[in-house]
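In order of appearance the chains are A, B, C, D and E, and numbering begins at 1 in each one.
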Amino acid sequence: MADGAAPVLDVRGLKTVFRTRGGEVHAVNSVSFHLNPGELLGVVGESGSGKSVTMMSLIGLLPSPPADVRAGSVMLGGRDLLKISAEELREVRGAKVGFVFQDPMTSLNPVFTVGDQIMEPLIRHMGMTKTQAKQRAAELLALVGIPDAAARLKSYPHQFSGGMRQRVMIAIALACDPDVLIADEPTTALDVTIQAQILELVKELRTKLGMAIVWITHDLGVIAGIADRVMVMYGGQVVEQAPVKELFSNPQHPYTRALLKTIPSLTGAREDRLQVIEGQPPILIGAPSACPFRARCVHAFARCEAENPERRAIDGRAVGQGHDVACHWSAGGGDV
Amino acid sequence: MLTYTIRRLLLAIPTLLFISLIIFLLVDFAPGSPMSQIPLTIPTEVRLKMIEALGANEPVYVRYLLWLKQFFWVEPLVMLDGIFGTNWSEGMQRIVSWQSRSPVMDIIWQRLPQTLTVVGSAYVVGVLIALPIGIYSAYRQYSWFDQVGTFFAMIGFSVPTFFTGVVLILVFSVNLGWFPSIYDTSLRVRDWDTFLLQVKQMAMPVAVLALYNAAQISRYMRSSMLENLGQDYVRTARAKGMPERVVVLKHVLRNSLIPVVTVIALGIPSIFGGAIITEQVFKVNGLGALLINAIQGSDLPMVQTLTFIFAVLIVLFNLIADILYGLLDPRIRYD
Amino acid sequence: MLDAAKSQAPLVQVRGLKMYFPIYTGLMRRHTGDVKAVDGVSFDIMPGETLGLVGESGCGKSTVGRALLRLYEITDGSVVINGTDVASLGPEDLRKARPQMQMVFQDPQASLNPRMTLADIIGEPLNEHTDWNADRKLARIYELMDAVGLNRRFANRFPHEFSGGQRQRIGIARALALNPRFIVCDEPIAALDVSIQAQVVNLLEDLQEKLGLTYLFISHDLSMVRHIADRVAVMYLGRIAELSPRDALYARPLHPYAEALLSAVPEPDPSRAQTRNRIVLQGDVPSPANPPKGCNFCTRCPKVMDLCRSVKPDLVEVEPGRMVACHLYSSDSMTAGSTGATEAKERSQQGESL
Amino acid sequence: MKLKTALLGAAACLAFAPAAFAERGSDGNVKILYSQAVSIMNAYLSGGTKDIEVGSLVLEPLAGYDSKGEIFPRLAAEIPTLANGGVSADQTSITWKLQPGILWADGTPFTSADVVFSYEYCTHPEGGCAQGAKYEGIASVEALDDLTVKVTFTGPKPNPYTAFVGATSPIIQKAQFEACIGAAAPTCTEANFAPIGTGPFRVTDFKVNDTVELEANPNYRHADKPKFATVSVKGGGDAAGAARAVMETGEFDYAWNTQINPELQAQMNAGGKGKFVSGFGTLVERIEMNMTDPSPSLPEGERSTTKHPHPILSDIRVRKALSMAIDRGLLVEVGYGEAGRVTCNLVPAPEAWASDNTDCVNQDMEGAKALLDEAGWTVGANGIREKDGVPLKLLYQTSVNPVRQDFQALVKSWWNELGVDVELKAVDAGVFFGGDPGSPDTFQKFYADVEMYANNFDGTDPEAYLSNYLCDKAPRPETQWQGENVNRFCDPAYDELVRTFAASTDPTERQGIAKKLNDMLTKDSYTIVPLVHRGRLSAHSNSLGGVDLNVWDTELWNVEDWHRVQ
Amino acid sequence: MTDTSVIEKPRNQWADVWAQFKTHKGAVIGLAVFIGLVFFVSLGPFIWTKDPTYINPNAAEMIKTRNKPPSWEFPLGTDQLGRDMLARMMKGGQVSIAVGMVAMSISILLGTLVGVMAGYFKRLDGPLMRLTDLFLALPLLPLLLVMVMLFRDPLARAMGPEGGTFLLIVFAIGVTSWMQAARIVRGEVLALKEREFVLAARSIGTPPRRMILRHILPNVVSPIMVSATLGIASAIITESALSFLGLGFPPDFPTWGRLLFDGVDYIQQYPERVMWPGIAISLTVLSVNYIGDGLRDALDPRIRGR
C-alpha cells in the first residue's frame, strides 16, 4: 500500500443486481476500491451510475428483493461484510460505518426529537445509559456546530433548517466514532452558502477526528475542494480512479474528460458554447458485455462494442493505487 | 392549538344547527306515524286524540323550535340539576319520547352502557386485532401471512353481519350451547361467575362486529405502514444499526400510527351509533336498536335527538381527530 | 451589447412587484401578517436579452417568475410586457396576452401531464389559441419537435417513456409553440444530470439566437447563469440585492451577499479551490414572514453596520449599469463608515487577481 | 348456573309437599321473551299489545276473560249480570262490587275511588288515552261506597263489559297517578314505568324497550301466589330468534307470539326443550278489494274515493273469481302450519258468532276462469285477460313480512293462471299501518287494487268491528283518510242492519245479525276475501307449567299460576 | 426531415397498468371470478330458461316441488314456494350486480364532481366540504324512507315498478355514499393543483373547464378507480342490508340480498338456501375488492415503476 497503512475498507468485485419486470438491472458491476485511513475518497457520477447503490450494498442497506448483492468481498476490520450474519452487520452499521444521506428533510424521523435520534446508536452500540447518551448527544451537536446544543436536543427535525438537519445527520453518523463515514450526496439538497458551511464543517471534523470518508457527489466542484482521491463511476462501473489533482489535470477516460468540459466555470474564460456529452445514460438491463459509455463516446471504436474494458493503471502503480482507467482508447494515442 | 380548537368549535355551532334543522325536516317528512304500532282495534278518534296529546299535530316549525329549546336549554339544565342537586329545570317540559312517554335523554343514558360494552369492546378488540395484523402484513408484504390477512379482511368486508350473526348463533348457541343467543342487559357483573356470564354473552356480538372493524382498520394500518416503510428515515434507522424490531416497531410504527389513530378516532362516533343489525340479531338493545325502533315507530323526538347526538359526535370526533393529528405529528401545529 | 440594448425600449418592465401571501391567525382568522415572498422588485429586460435571476431557495426568485406571467395574483406593482400591463389585465385579455409570454419549468417530470402524449402536450397551446385544423397543428408540432431535437417518431409517446433531458425539451417545445417573445426559465436545469444540463442550456441559447427570444433565467447555479445571462440579478429574501451586467458581477460583486454567494460556489479545480478565499456565511436565511427590520441581509452580513439594522437600503445605481441595495454604497454611509474604503480596496484586489 | 340448579332442587322438593304448603315465590325466576320490547307499563298510554300484556302482570282490571273467552272476576267480587241485578234491567247501568280486603302493592287499600279515577284518567280530553274506546258511551262512573262502583251508560248497552274489563282497561292507583292526569300524563315517567298495582308482580327495574324486572307482589290477594319470585321480561329481536331461545337453546321459559314458518316450527319442536301453544281468536288474514278507482291518473283527492268506482273490481264476478282461484289450504300450509286455519269469514270466532260459510275452502280455478269469461274478460294475446282494450291488471299491496310476501307470490301465481296481471308491492309496516295522511302508502288510503293484512276485534262481541263497514266510515280526504272501511264498501242494507244490531239486546238475535253482516261482506259481495284464520302461537319451555294460552285477553292472564315443573 | 410515416403507436399506459395488474395474483383471480359471475347472471338465463318467479299454480304439484335439495331438475334446489333457485340466483345477481355498478357510478360521479369543485375552486371548498360533513352526519335510514316515499310512485309510473325501484335504490345508495370519494378526490386535486403541469397549462391560458377535464380528471383516475371498486362492493352489501330492513325491491323481485335475507329463516333446515346467495355476495365483493387492490398497485406509478 502506497501510504504504508492497511486500508480500513477494501471492496473487491462487488456486483449488485436489481430484479425488475423488465429484466435484471446490473446496477453495480464488478466495482473494486479501497479506502485508506484518514482519507477522503470522492465518488463522482451521474444519477444511475451506481455510486449510491455501491455504498448501500456494502452494509446491506438495500431492500432485498429487489436488490441482490451477487459477488465480491467487502473487508472492514478484518471481516467480510458480505459474509457475516444480518445481526453482526447491524453491529457494524452505525458503529463502524456512519452514513449521511442526501435529503436531510426526509432522512430524519419526523416524530422523534433530534436528541432521541442521536442517542439511539449511542445506547445500542456504546452501551451508554440514557443520561450518558444525552450528554454525549449534546456534545455531538455542539461538535457539528449547532449553538445551544443541550437545549436543542428536545427539538424536532422540522424545527431545524435544512443545513442544521444535515448537521444533525452528521452528528448521528459520527456518534459512535466510526472508522468510515459514507456521505451520500450530503450537500446536493442544500443551498450553496449552506453547502459551504457543511464543507467547512467536514474539513474541520476530519482534522479533528481523523476518520476515513467516502464522499459521493455529482458535483465536481465539491470534489475538487474536499477530496484526496477521486473515483469516477459510469454505468455501474468505475471508469477512472486517481488522486484528485491528477484527475483534474490529467483526465484519461473520455467520460471524465467530457464531464470536466461540460461544466461552465465560475472564474475562467467564458465559452460561447458549452461542451456537450450527446446522448443519454445507458440502461443497465442484462449482463454488461460492452463499454457502457460507447454510445456517447467520441472515441468509440469496434472493440468498445465487443468488450467491456478492464481497469488498467496508467502511471505504473497497481490498479487502485495510483491513476487507473477502464478504457480501450488511450489519451496518448489510439487503441491500447 | 387552543385558538384553533375554539375556532373549530365555534364554526361547528352553525353547522350543527343547520344539520339539526335538516334532520328534523327529514324525519318529519318521512312517512309513518307514531300510531303505526297501535293495534288496528283502536278506533280512529282515539288515535287522533293520542296524536294530539303527543303534540304531533303541531306545525313543524313549532315542534322544531320547541325541540331546540328543550335540547339546548332544558336538557342541560336537567343535567346540571342532576349533578348539583339544584332544581332549575323544575316544571320544564323535557324532550319526551312518543313511544314510551319518558324523557328521551334518560333512555339514551340507560342504553349507553350496553352499547358501549358491546359495540365499544368490539371496536377495541377489532383495533387490537387489526394493528398487529396490519403491521405484520405490511412488513412482510405479499407473504402468505399478508395474503391470508388480506383474505380475512376481505371476508370481513364482504359478509353481511346479519348472516354471520345467525351462523354464529346456530353454531355456538344451538349446536354447541357455549354462548347465549340473547344478550341479557340486566346482568350485573358482581363476581367471577357473573363476569364469565358477561364475557360469554358478549362473545358472539363482539366477534361479529370486531371482524368487520378489524378488517377495515387492518387495511388502513397496512397501507400506512407500507407508505412509511419506504421512507428515507427508515434507511437512516437501519444505517444506525438499529435492530429490525426497533426500526419497525418504533420508527415506522410511530409514524404509521398517526393517520391510523385519526381513522380510529373518526370511527368512534359509530360506536355510539350502535350496530343496528347486530344489535337486532343478538337482542342487545343498545342505541342502534333504540334508533331503529324509534324510526319504525316514527318516534320523532327520539329519532331527532339520537341522530342529532350522532351528528354532534361526528363533528366532535372530526375535530378530535384533527387535534390528535396535531398532537401526534410534531410537524403539524395549528396556530 | 449593452449599448445596443439601451437604445431600445425594454420588453419587460417590472416596477415595485410585491407578492405577499397573507397569514390569518386567531379566532376570527384576522389578517395578522404576510409572507413577503417578493417585496418590491423592479427591473427591466431588453428584447433579446437574458436576465439571470439567482438566489438561494426561498429567496422569492421563482415567485417573481410566476408573478410575471400572472400565475399568481400579485399584491402590488406593475409588470409591463411588450407594452401591456399584465398585472391588471382582465381574464379574457390575459388569455389573449398569454401567447407572447411562456414558461419553462423546473421539474420536467412534474411539468408534463403524465396522461397526455407528447403531441398532445406540445399541441395544447395551439388548441387553446389557434383554430387551426389537425394537419396544420400536426405540422407545427413536428416543426417544434425538430426545433428542440426530438425525434418525430416519439410524437405518440407518454412523458414517462422519456429521459429527464428529453422531457425538458418537450417543455421547451411547448413553451415555443405560440411564438412567444418572452420566456421565463424557472430553474430549467436544476433537476437534470450534469451531462444533460449542457445540452439543454445550449438548446436554449440556440433558440434564443434563432428566434430572438428574451429570457428571464432563474437559477441557483451561478456558473450556469454566468454562461447564459447577459445581466444578473441577485435576490435575497424577496428583494434584489444587486443587479449588474454579468462580467462585472462575477469579476467584482458589490453587494456583500453577492460576494459571499459567489465565493461559496465550489470550484471544479483542486489547485484553485484550495487557494480560494471563501466567505462562509453564518446562520440561516430569516423567515420571509418576519424579515429583519432594516436590510434583509443584516443578520448574516459580515460587513453589517448599525444603519443596516434600522433602514432598508434602496436599489440604486452606484456605477454605470450596476444597481446595488446596500448602505455601503449610499453616499452618506460611504463617508461615515471607515470600513467602506478598505472593503472596496479588497474587492478590487480580488477582482484583479482573477 | 348453580343458583338455578339449587332452585330446581327446591322446586323438586316442593312438588312432593302438599299444595297448601306451596309458598309464594318458591319457584324462583321465570324468563319471558317478547319479540317486541315493552316501552311502557301503563296500558292507557300505549295500546301496544306487548305493553298491555306485560302491564297486566302489575295492573288488573275488575274482570277478565279466560282462555275460553268467558268473563271472570278479578278485582270484582263477582260478575254483575242481569240475573244477579248487577246490570240494570234496561241495560243502562252496571254496578260492580269489589272484593274486600284487596291491597295495592304498597300496602294501601284498594277502593272504588281508584276505579273512578281510572275512568277519569282515561277520559280526560288532554290525556291522549289509548283505551278511550273502552269507556265510550259511559255517562258517569260513581263510587257508591268504598267497594261499589256504578257505571251509567248514555243508553242501553247490550254488552256492558267494556269498561274495567280485560287487560286493556286496568285499574290504576289514584294516589300514584293523581298528579298525572290529562296533559301531565306523559311527565309521570316513574309511575308509567313502575305503576303500583294489585297484580301478582311489581316492577323492580324497567328499561325502556328492553327489559322489565319484576318480583312477587307481597300484598297479592292470594297468599300462595304467584309461584315465581321474580319475572324477567326481555324484549327485542325477531320471532324466529325468540322461538329459538325457548325451543332450542332453552334460555327462556316463555316466548310471546313466535309466528314462524311451519317448517321452522317443526324443526324447533325437534329441539325438545319446549313446546308451542296455539289459540285461535278473531284474527283474520284477508284480501281487501278496493271498490273505488286508485288510478294515479286521477287528481289527488279523488284517487280511491267513491267518486270513481273501480273499473275492474266493481264487478262482483271478478271479485268472486279472484277469491275462487285461491287455494287457502296451501296458504295455511306454507305460511302458518299449526297456527292457521282456512276461513271464509271475517268473524271466525267465537263459535256462536261465526257464520258457517265454507264455500271458499276449495280452489276452483276452472270456475273462476268461466266466471271471468262470463264477465267479458277474455284472454288476450299475451295470456292477460282484457275487456274493451283494458288489460286485467291489479296492484296488490301489503306490509313487509316474509309470510305475506310468500302469500303475495302464491296468489299472484294463481291469478296469473287466471289471466290476471298482478303487480306486487310491499310497504314498510310502520308506513302501511301508520295512518299518516301525507303518505300514499297507508292501508287506509289504499292506492292499490287489492291489499292484504290481518285484523281482529277486542273481546268477544263483534258489533264495533262490523260497524266499521258503514258507508261513512270510508277513509277519504275529508276524514284525513282515517276510517276502517278501507274497501269503501257501501250498502244501505248493511248500514240498516248495523243499526238493528246496535239496538238489539237479545244475544241470539245479535249473533244472527252478526253472521248476516259477515256474509254480506264476504260471500255475498266478495268485498273482503278472508284467507286464513290466524291463531296466536307462543312457545314455552317444558319446565314451565300452568301455561294456558288465552287469545281473548292477555296471554299472561294466569301468570300467578305459572310454575316450575320437572 | 424524418419520415413521419413511421410514427410509433402510443404505448398505452393502460398496457403498463395491465402488465402490473397481471402480476397481482389475487387481482387476476378476482377479475376472472367477477367476469365469471357477470357471465353467469347475464348469459345464464339464456341457457337456463326457467322463470325465477314461476310457482306451479297447481297446489298439489307445487307442494311437491317445495324446498327441494339440489337435483338435475333444480341444480340449486327450490325455495319454500317451489321456485327454482338457480334461476332466482341469476335474476337476483343481475339486479345485485347492476345495483352495485350503477350505485357506484352515481356515488363516484357525485363524489368526483364535489371533490373536483371543492379542490379546484377555493371559494367552493368551504361550502362543499360542509355539505360533505352534513351528509356524513345525516342519518341514512330516515333519508332513505323519505326518498322512497317521495319518489317511488312517480318513478314507478315513469319506469315501471321494477325500473322505478331500481332507480330509487341505486340513487339512494349513491346519494348517501359519495362523501368518501369526494374527500379523496378533493385531496388529490389540491395536490395536483400544485403540480407544475397545471401551472404550465395555466401559463398557456387554459380555462378552468378544460383544465379540469384535460389535466385534473385524468390524473385523479386512479383513486377514483380504487374507490369505485370498493363502491361496488359496499353498494351490494348496502342493498342486502336494505332488504334486511324491508326497504329494498318489490318482494317478488329477487336480489341476492333478499334471497339471503329470506333464506336466513330456513338456515337450519336448508342451509344451502343461504349458502348460494351468501357465497355469491361474498364472491362478488371479494373479487371486486381484490380487483381494487390490484388496481391500486397497478395505478401507483411508484409501484409500477419497479
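In this text, a residue touches a chain if its C-beta (ideal position, glycine included) is under 8 Å from a C-beta of that chain, and two chains touch if they have at least 3 such contacts.
Per UniProt, the chains are A = ABC transporter ATP-binding protein; B, E = ABC transporter permease; C = ATP-binding cassette domain-containing protein; D = Peptide ABC transporter substrate-binding protein.
Every value quoted in this text rests on a predicted model; they were computed, and no experiment measured them.
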Note: of the two pairs D-E and B-C, more contacts are counted for D-E
Computed over C-alpha atoms, the centroid farthest from that of subunit C is that of chain D
By Cα centroid distance, the chain farthest from subunit A is D
So, in whole Å, the Cα centroid of subunit C is separated from that of subunit D by 88
Dist(centroid_CA(subunit C), centroid_CA(subunit E (ABC transporter permease))) in Å evaluates to 51
Whole-Å distance, C-alpha centre of subunit B (ABC transporter permease) to that of subunit E (ABC transporter permease), is 26
Separation of the C-alpha centres, subunit A versus subunit C, in whole Å, is 32
Flagged in subunit C as touching 2+ other chains are none
Going by residue number, subunit E (ABC transporter permease) touches two or more other chains at 145, 149, 268
Note: subunit A residues in touch with at least two other chains are none
Counting only contacts in the complex, subunit E (ABC transporter permease) reaches subunit B (ABC transporter permease) at residues 26, 130, 133-134, 136-139, 141-143, 145-146, 149-150, 233, 237, 240-241, 244-245, 257, 260-261, 264, 267-268, 274, 278, 281-282, 284-286, 289-290, 293, 302
Subunit B (ABC transporter permease) partner, complex, touching residues on subunit C are 25-27, 29
Counting only contacts in the complex, subunit C reaches subunit A at residues 56-57, 163, 165-166, 193-199, 201-202, 205, 220, 222-224, 226-227, 247, 250, 260-274, 278, 280-282, 284-285, 354
Within the complex, subunit C is touched by subunit B (ABC transporter permease) residues 3, 6-7, 10, 335
So, in the complex, the side of subunit D touching subunit E (ABC transporter permease) is made of residues 240, 260-261, 263-264, 267, 296, 327, 329-330, 333-334, 363, 365, 400, 402, 405-406, 408-410, 412-414, 416-417, 423-426, 428-429, 431, 439-441, 447
